[in-house]
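Just so it is clear, A, B and C label the chains in written order, and each chain counts residues from 1 on its own.
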Amino acid sequence: MKQAVHKLEISTRGQGLYEFTATINEWVAGQKMQTGLLTVFCRHTSASLLIQENADPTVRRDIKAYFDRLAPEDGPYEHNYEGLDDMPAHLKTALTQVQLSIPVMNGSLVLGTWQGIYLFEHRVHPHRRGIVLHLIGD
Amino acid sequence: MKQAVHKLEISTRGQGLYEFTATINEWVAGQKMQTGLLTVFCRHTSASLLIQENADPTVRRDIKAYFDRLAPEDGPYEHNYEGLDDMPAHLKTALTQVQLSIPVMNGSLVLGTWQGIYLFEHRVHPHRRGIVLHLIGD
Amino acid sequence: MKQAVHKLEISTRGQGLYEFTATINEWVAGQKMQTGLLTVFCRHTSASLLIQENADPTVRRDIKAYFDRLAPEDGPYEHNYEGLDDMPAHLKTALTQVQLSIPVMNGSLVLGTWQGIYLFEHRVHPHRRGIVLHLIGD
């Protein structure tokens, strides 16, 4: 049994879903583990992780628009001095998650056919988002 | 230290919560590990996992009804050619999760007295949902 | 490779966010693992876990107020005999999560600068909430 850890950064250019499944798959493949557990961790409180459909781009647009309606910029927030997108960003992060764990079988993640791994950026301005990958197995 | 993986399928007959705690408990017990970490992974983007109260069935009915109100079929969605329940299914999946990890102590999951593990089916028509169990420990 | 498990209880005094990052950090440090994966598990269906900003207290107040609006006490619930806060508590738990996994690198959790770990209590009356920590690594 062994472990591997890896830090990576994702540059975002405004709100939306940024897929990085390929980056993760490549790193996992390089670890040469047959069976294991991959954990993806996002080190932020205004960006989150989401596994969603990676086929039709309208799904991602609808997801973004939906969360904008669910946690609107004009809500009755106390915390607003970092901008109108600040508190909605915290709420969208709370409603999704900052951590995903995915089993590895036969050397690959067990993602379903339509599942892609996304960073969900909730801030309007560009950011560099820190992600940690942890893999344990053999 | 060792690992075990297992694939299973759950047949659903429309939207709602399908408990499969007993199936998981039985598989975990068969692995004869005293201490470990179980991960449950759902390989879909229109069905999700939920740990919720397994005592009073009204809790499950209220949960289903609540998510139907929170992500209604008549929302302003672009993505709708797979049916009115399609985009709400993606949103309900995003609002819950497709992965759960639960520690094992003394050979059993550390679930609380009232916690059951559910597949949350968000599509109207029957489906076969693929689940992967991963256990690591000793 | 080794594992460690630990049970702890958090006493809550009504609804809100209770930070326990320091308690977790101290326990993790005591395990003397350089690399690993920590899992935090909440054994309840009316309290949940959240990683959120631990700097400005207005963020926590806004999060609490937002979830009170999103899952209000006066919703059309069937399940209400344990009090008006009962069904909203289940819904808020479903919208957040009862499990978090966080990688350990160089002996410490890889939490971001502003990330704190919170128990999110959804019931009005005081409770003792059972939490399980599981750490695997070396």
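By our rule, a contact is a pair of C-beta atoms (placed from the backbone, for glycine too) under 8 Å apart; a residue touches a chain by one contact, two chains touch by 3 or more.
Computed from a predicted structure; not experimentally measured.
Chemist: Roughly how big is the turn, in degrees to the nearest 5, that lines up subunit B with subunit C by CA atoms?
Modeler: About 120 degrees, rounded to the nearest 5.
Chemist: Is it true that over half of the residue numbers where subunit A touches subunit B are used by both copies, so same, or is it different?
Modeler: Subunit A and subunit B contact each other through largely non-matching residue numbers.
Chemist: Indicate the whole-number Å distance between the mean C-alpha point of subunit A and the mean C-alpha point of subunit B.
Modeler: About 20 Å separates the centre of subunit A from that of subunit B.
Chemist: Of all the residues in subunit A, which ones touch at least 2 other chains?
Modeler: 1, 37, 70, 95, 97, 101, 136
Chemist: Per the contact definition, I'd like the list of subunit A residues that touch subunit B in the complex.
Modeler: Checking each residue of subunit A against subunit B gives 1, 35-37, 50-53, 56, 58-59, 61-63, 65-67, 70, 95-97, 100-103, 105, 110-115, 136-138.
Chemist: Mind listing the subunit C positions that touch subunit B in their complex?
Modeler: Contact set of subunit C toward subunit B: 1-3, 5, 37, 39, 41, 43-45, 70-71, 75-79, 87, 90-91, 93-95, 97-99, 101, 130, 132-134, 136.
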